[in-house]
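To keep things simple, chains are lettered A, B, C, D, E and F as they appear, and every chain counts its residues starting from 1.
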Amino acid sequence: MAGEGITERRSSGDEERGLPGFAGIRTFMRFPHPREEDDLGQVDLAVVGLPFDNGVSHRPGARFGPSAIREVSGFLRTYNPSWDIAPMEHLTGIDLGDSPVVPGNTGKSLLWMEETVERVVDAGIIPLCLGGDHTVSLPVLRAVAAVHGPVGIVHLDSHPDTWDGIYGEKYNHATPFRRAADESLILPEHSIQMGIRGSVGGAEDLITAEQMGFTTLPAERLLQMRPQEVGEEISRVTAGRPFYMSFDVDFLDPAFAPGTGTPEVGGPTSAQCLSYLRSIDFSNLVGLDVVEVLPAHDSSQITALAAANVIYEVICGLAVSRTTG
Amino acid sequence: MAGEGITERRSSGDEERGLPGFAGIRTFMRFPHPREEDDLGQVDLAVVGLPFDNGVSHRPGARFGPSAIREVSGFLRTYNPSWDIAPMEHLTGIDLGDSPVVPGNTGKSLLWMEETVERVVDAGIIPLCLGGDHTVSLPVLRAVAAVHGPVGIVHLDSHPDTWDGIYGEKYNHATPFRRAADESLILPEHSIQMGIRGSVGGAEDLITAEQMGFTTLPAERLLQMRPQEVGEEISRVTAGRPFYMSFDVDFLDPAFAPGTGTPEVGGPTSAQCLSYLRSIDFSNLVGLDVVEVLPAHDSSQITALAAANVIYEVICGLAVSRTTG
Amino acid sequence: MAGEGITERRSSGDEERGLPGFAGIRTFMRFPHPREEDDLGQVDLAVVGLPFDNGVSHRPGARFGPSAIREVSGFLRTYNPSWDIAPMEHLTGIDLGDSPVVPGNTGKSLLWMEETVERVVDAGIIPLCLGGDHTVSLPVLRAVAAVHGPVGIVHLDSHPDTWDGIYGEKYNHATPFRRAADESLILPEHSIQMGIRGSVGGAEDLITAEQMGFTTLPAERLLQMRPQEVGEEISRVTAGRPFYMSFDVDFLDPAFAPGTGTPEVGGPTSAQCLSYLRSIDFSNLVGLDVVEVLPAHDSSQITALAAANVIYEVICGLAVSRTTG
Amino acid sequence: MAGEGITERRSSGDEERGLPGFAGIRTFMRFPHPREEDDLGQVDLAVVGLPFDNGVSHRPGARFGPSAIREVSGFLRTYNPSWDIAPMEHLTGIDLGDSPVVPGNTGKSLLWMEETVERVVDAGIIPLCLGGDHTVSLPVLRAVAAVHGPVGIVHLDSHPDTWDGIYGEKYNHATPFRRAADESLILPEHSIQMGIRGSVGGAEDLITAEQMGFTTLPAERLLQMRPQEVGEEISRVTAGRPFYMSFDVDFLDPAFAPGTGTPEVGGPTSAQCLSYLRSIDFSNLVGLDVVEVLPAHDSSQITALAAANVIYEVICGLAVSRTTG
Amino acid sequence: MAGEGITERRSSGDEERGLPGFAGIRTFMRFPHPREEDDLGQVDLAVVGLPFDNGVSHRPGARFGPSAIREVSGFLRTYNPSWDIAPMEHLTGIDLGDSPVVPGNTGKSLLWMEETVERVVDAGIIPLCLGGDHTVSLPVLRAVAAVHGPVGIVHLDSHPDTWDGIYGEKYNHATPFRRAADESLILPEHSIQMGIRGSVGGAEDLITAEQMGFTTLPAERLLQMRPQEVGEEISRVTAGRPFYMSFDVDFLDPAFAPGTGTPEVGGPTSAQCLSYLRSIDFSNLVGLDVVEVLPAHDSSQITALAAANVIYEVICGLAVSRTTG
Amino acid sequence: MAGEGITERRSSGDEERGLPGFAGIRTFMRFPHPREEDDLGQVDLAVVGLPFDNGVSHRPGARFGPSAIREVSGFLRTYNPSWDIAPMEHLTGIDLGDSPVVPGNTGKSLLWMEETVERVVDAGIIPLCLGGDHTVSLPVLRAVAAVHGPVGIVHLDSHPDTWDGIYGEKYNHATPFRRAADESLILPEHSIQMGIRGSVGGAEDLITAEQMGFTTLPAERLLQMRPQEVGEEISRVTAGRPFYMSFDVDFLDPAFAPGTGTPEVGGPTSAQCLSYLRSIDFSNLVGLDVVEVLPAHDSSQITALAAANVIYEVICGLAVSRTTG
């Protein structure tokens, strides 16, 4: 069936002469792309690409993630029956394009990504960030915390990413939430990690996150919970605080997200994932990232498609919270 | 283990000198391919390829679907333990090859596909159609209804395909069941759609199918039902009427059917799919299509394999209904 | 080595904070993308995507060609040593995005593509068109001829595309130059086809092009000519008339352009292709298309890369003609 | 997150200068590779590659399985939270490399593989074998039984592999457990097969295994059991006897293991598979094989990754049994 | 351009309602497929698939070669301008399908393949054989020599395939021409090998072929010859004797034939290959094989396409020899 | 034909029981892999993997290059007819495995790679380095120059890699030869670059290399030279000095090396490349690197195969120089 782009129905002219979903300059869901010199304007959402993969410890290539997610976002359409909402009737959005980064230079890239996102958050806009590897959560959180103060984290991933370092390095995709805690960007006691699984360097690797104060739902436990319980647990932990959602596509089982850098078997299906997302109250969401899409290993684009859908679900959840809030 | 072709055991000579499953001219399950000038004969089943993909709104290429399904049908074997039957001991089948179509000309292609299938239905043979995109259901239904009158539909898909048009076009893979209803080929009140999910153009897109009289089991609901309940619901809706089954491989989650044109995350697994099929009473089946296999995105052939298995399950269901009917 | 985008060096600020070639919203070579409501302005070149593949007779999917070419255009850089020019110091360009098309409806798509390109040609801008299948040459030529009158054609392809019809259809990727001749859009006696090879339906298929007045250089002859001879032959045929260049990527041998719909073995290498392009005087070029890139069969993106380079070479040739003209 | 190799944490020097998971000569989990002339030493485990695929009846290529599994074993890390153990703190292991085989000569290959594994078993070491096609279980069982006498089998597969022959051949991937029973290498009454599904040549194909004394859990039944029940059933059948585990990756659904030679739809997910493995008491394990990984159809390496994880889980189960035994 | 199947133009009805090149049961070039019980009839050519790859020493999978070649033969069309002939106006052909083989059993497979081809040669028909690995040349030569007596060989390959054995085995893809000489099936002094290159086990490996009497044109020498010289050298060697052509796709450089089991860099292009084929006088051809197409490594089908074109060129050469002979 | 590993023929036992080319722990050409604690011994050659890709400006992933090259080195065999030598009868070699590197940390990685190679050069062994991206040439040259003093460079590449920086960064794959000149590691006047082509940031980018004193043979010029001329030009430039060879696989046209990070159309074929290598006098070679193999884009492994063959040719050239020197 049809993969017409989401914006088709918005103007009557489009019905006559709309661009099909496979056509047009690729912005996320055809959100307008402001020019460098433009103000960001009064919008609710800003998609920001963070094409950085200098922080990976295994397979690189997530720098092409933003492009891949935008490419398949042409599959998304106006109305989401599960939330019973056409989100862009309630929200406005732009696609800022990608942040500048410096290949091979983590420090400068972190700084530039932070500045890019800060401009968004400063304008009162919710950033929807396309990774890039998981390192990018740190600069986004710096930008978010600069405005909102420390926030809770709802973190879907197979890895806790709370290592203190790896190979002696402090800033990479294994450490963003440790750094964020060190820098008081987040509220560990109002943070939850779900989907954690797979082997790690030692028992202490997982204890760390708990010692830091995170609530953890390992995959084995998560898969035995009903979606509603998941939503309730998230609400319990975030406790009405502003929270940031970080979604690593390796949260999904490799069958559903083969195109990623450090896949871990034994994860949720895409149907389970959607059911969790639909159980969440997004009223207090202050930002989102979806990271670790690696197109070179995603031969059928299903990983990018899953990522695009996660963002879409979050947008729908936000729209619902606006209409009901 | 062995992937020997299904016909091996049929003659003792084959044991001595059979063709392995990877060998031979590719007809579906090695059904004989009648020559142009031959009568169809007194057979129960006729596989018909409908290599048409002019109706797709996103990724094209399903015109190669029939060839891909035939290629992997060499994996199928004689006896299905789940149904406890060796179906071709009870049924006879041929593979007619592909219908002529005109690349780029929907009207003429629809006509030719209808004529091809009509020859089958007229001969009292059940057509098992290999798509092609979902547009092909319309000419098949025209052929079926010409003989059987309007029929119920058992429709497994992530999309309802009941749009009135897309980009102003009336005949394509988004509209077959609307056209079929308009032309009184089907009985909406005896029709059921299952697996529907994903974003659509608007709330009205889904309401349409319901207003037309279809029973709808969205994926979210379907995934909470037991297989037996699914079978019962189908029986309740079809109510003993002749019914036609239309299976779009995007009914399956993209992990199980990556090779398709408009994948939607959040679908059933192949195990769930088999359990639904095995819950169905096929006594009144008058035709089948399996559509939207797109080999260019099916790097490991698992989508084509799923499609071949769906057809095989239906054949087994038919055989069982013959032995018990 | 570096694949930094072509625009990086243009402003000093970019050196400090430029977007790497893998980053940013994908327009061709980062040409600015005017908004719908903007004037096209006073530019020299306009890239136009024509995502139409309804006219293919074998493998479809070239509708994704424009996106794939834009994606890899990030490999192109500012200065071309072979022409000794940094073309965008002499020319200005925009990327208009894609023309609207109607999937499955050739007639309406032809009309819309013509209108899209006409807007460009009317503004005195040279259109650089990204196919799409070869059908798209027809609407572009209609737009070009409406302003320039009938033009010569420099056509690089393995097929003459001068059939009168295929499967009874008149408008598809086998017929654009026949239709163009029928409609007096081109000057066959000032037109040349090079690279023609492979089997055809009959001897008359090739005679047709010659009878129409085209000069033909079959691949076998072309491969024995020195590049300079090729350039001279083109100059002889075009004779100083305005000419349009149409480049089908199946001009290249399948090893160099595997991602295409009707590959023909026995073609030129990419090095030979570049040498031919560099022998051409582009002073009188009025338009270009590069067609038949099929990303689903282009696993390493080398076909899209070849296509992007062809466009870049033509731009350089144009720039040189402006500086020397 | 990090894919650092499992041995990193073992010496403090590694923290300073460890090889990342993507680096180094590929042995399984970086186990040391003894030289030809070395004694095997006093170790617990020996990985042995059996690159034989002469016994396949459909898609060949599993001879590259050992290499592919070793390649992705760099994703495994020291500590397994699900078993709460860092297994290599309790066990020692080597990677012997691959057994010699003769391409095209089944008889000689069987002999050489047996000799290779016999050297391991004779030294009191548990062999962990990387297939190769399922034929390889036979020589391994010969080696195992030579030391341990007949053993029980815990067999995870979609096929029973108890045929008497296929195409008249007695030694191939359809027959290893029939041959093993014929040769009194196994104890059928203490053997269990789980995951069996898909079509077979006839009802008698499945009855055979039962007549031989195997307990069978077809996939349909297995998928309705809780993991604990599975573990209990295995314990009941093996009854404290030494047992050998044979894991064919086509036990998993094709979505989770696309890279295999005879995939069967309708299998378990990787999460279900892990839950079964974690329910098993490995105290009496005398050997393991993981077979039928076919890298040429495993574009994202997820099949090899699943295989590597299965081995890792078994190693963890063994380590736990040592610490608690 | 059009990929209509070669038979379209043969009957006027086809113009009206022909099957496009992508449609229909896959026989080679749509040659009719006789039923098992049919006489072969009075035809000139018979395509025979030999899906055997038990003889490979490295990557297996060429058993799927016949299917892959037939699949892409839909790209071939009626008339070949380079030979100026529509070959099937002068010749008739059938596609016999595939020979039975026994996976894993070389001896029995050799016997059955010989019998299959013998039936063809006995009927006075030229066999056009689709490999399979190069082992298959032996049974074909046995069948050919049984009728024609010993024949000359025109062998295009990167390897001489005249080893006496490999890993102690006598019958595999490294030995067919040694065995053929041992069995007096060929006339080494009227045989020529061209394209030989790459490393071998020792200097004696190449000397062998020369000692046996073969004329050898290593790739380095071949690439410096003009096509006409190649044709003359072949004529000189074959000296008017009946000859058999054996074409291993690894004759081509890996860029042009990536889908093969033992690729060797430094080979001819497809354009060079065609020029050689077109220099040959095929009057005395008694049989052909095209071997070592390995679809699992042929992601864009260009290897299969090259193979199909080689066969087509040979058919054209035969047709020309009939019209001029 | 056979892909038996190169070491098979070395001991008579191997004939009986050799490992086929597809088997065994992957070291390059089965060179022995010394243990960490071993002396390097008295060998001529040491293969060293440098799995570093932190310096790429476009597609990353060359960290998997060493593994991919080792994997396909099983295709290489003992004797090279073009050089008429079995090189390992004259030379001895080891495969040291991979250097430690720190993902994301260029500085530390450069240091560690230098130390790894230094150990080799210090022992009087010629390092044969497997990249990794082109950055790795710098640490290798540091190690080489520490022993040999400044050396000439024979550099085959499509890019000069003599930029002063990119995005403000000094140490990456665009700068190694500039840094090497700055650090007086090389003798620019005795250095030659060949194959340079494609667009660059500005005319000055190419002038730089010439100003530094390099001799440059752009691809366009190179492709018009006879191999012997190339060899003579290299001899003229290197003038009997010790020289280092650096081979970037993007020297080859993308058709021959699709698996690389910054492909440039218009390059040499693999046959041309071999002819150049065979024209070179390797007597004074002090080291080699082959870089920029990117397996994730090398679906048929032909890029890795080309890389393995380049190394093999150099080894043969060295062996010849030893026997004739």
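The rule we apply is simple: contacts are C-beta pairs under 8 Å (C-beta built on N, C-alpha and C of every residue); 3 or more make two chains touch, one makes a residue touch a chain.
Small disclaimer: the values here were computed from a predicted structure and weren't measured.
Enquirer: Touching both chain C and chain F: give me those chains, sorted by label.
Expert: Neighbours common to chain C and chain F are A, E.
Enquirer: Out of curiosity, which chains are bumping into both chain A and chain C?
Expert: The shared contacts of chain A and chain C, listed by label, come to B, F.
Enquirer: Using just the Cα atoms, superpose chain B onto chain D and tell me the rotation angle to the nearest 5°.
Expert: Rotation angle, to the nearest 5: 120 degrees.
Enquirer: Please tell me whether the contact surfaces of chain A and chain B are same or different in residue numbering, using the over-half criterion.
Expert: Chain A and chain B contact each other through largely non-matching residue numbers.
Enquirer: From the mean C-alpha coordinate of chain E to that of chain F, what's the distance rounded to whole Å?
Expert: Their C-alpha centroids are separated by 37 Å.
Enquirer: Please compute the C-alpha centroid of chain A, do the same for chain F, then give the distance between them in whole Å.
Expert: 40
Enquirer: Got the chain F residues that touch at least 2 other chains?
Expert: 18, 20, 22, 57, 59, 63-64, 102-103, 166-168, 253, 255, 269, 297, 299 - these are the residues of chain F that touch more than one other chain.
Enquirer: Touching pairs of chains, which are they?
Expert: A-B, A-C, A-D, A-F, B-C, B-D, B-E, C-E, C-F, D-E, D-F, E-F
Enquirer: Under the stated contact criterion, what part of chain D meets chain E in this complex?
Expert: Against chain E, the touching part of chain D is residues 53-57, 59-61, 63-64, 102-106, 108, 166-169, 171-172, 296-297.
Enquirer: Where on chain B does chain A make contact in their complex?
Expert: 57-59, 134, 157-161, 163, 166-168, 173-174, 197-203, 205-206, 218-220, 223, 248, 250, 253-256, 258-259, 261-263, 265-269, 297-299
Enquirer: Quick one: in the complex, what on chain F touches chain E?
Expert: So the residues of chain F in touch with chain E come to 1-4, 6, 8-9, 15-16, 18, 20-22, 74-82, 84, 86, 253, 255-256, 269-271, 273-275, 299-302, 305-306, 309, 312.
Enquirer: Using the touch definition up top, name the residues of chain D that touch chain F in the complex.
Expert: 17-20, 22-27, 32-33, 35, 49, 51, 63-64, 66-67, 70-71, 95, 97-103, 112
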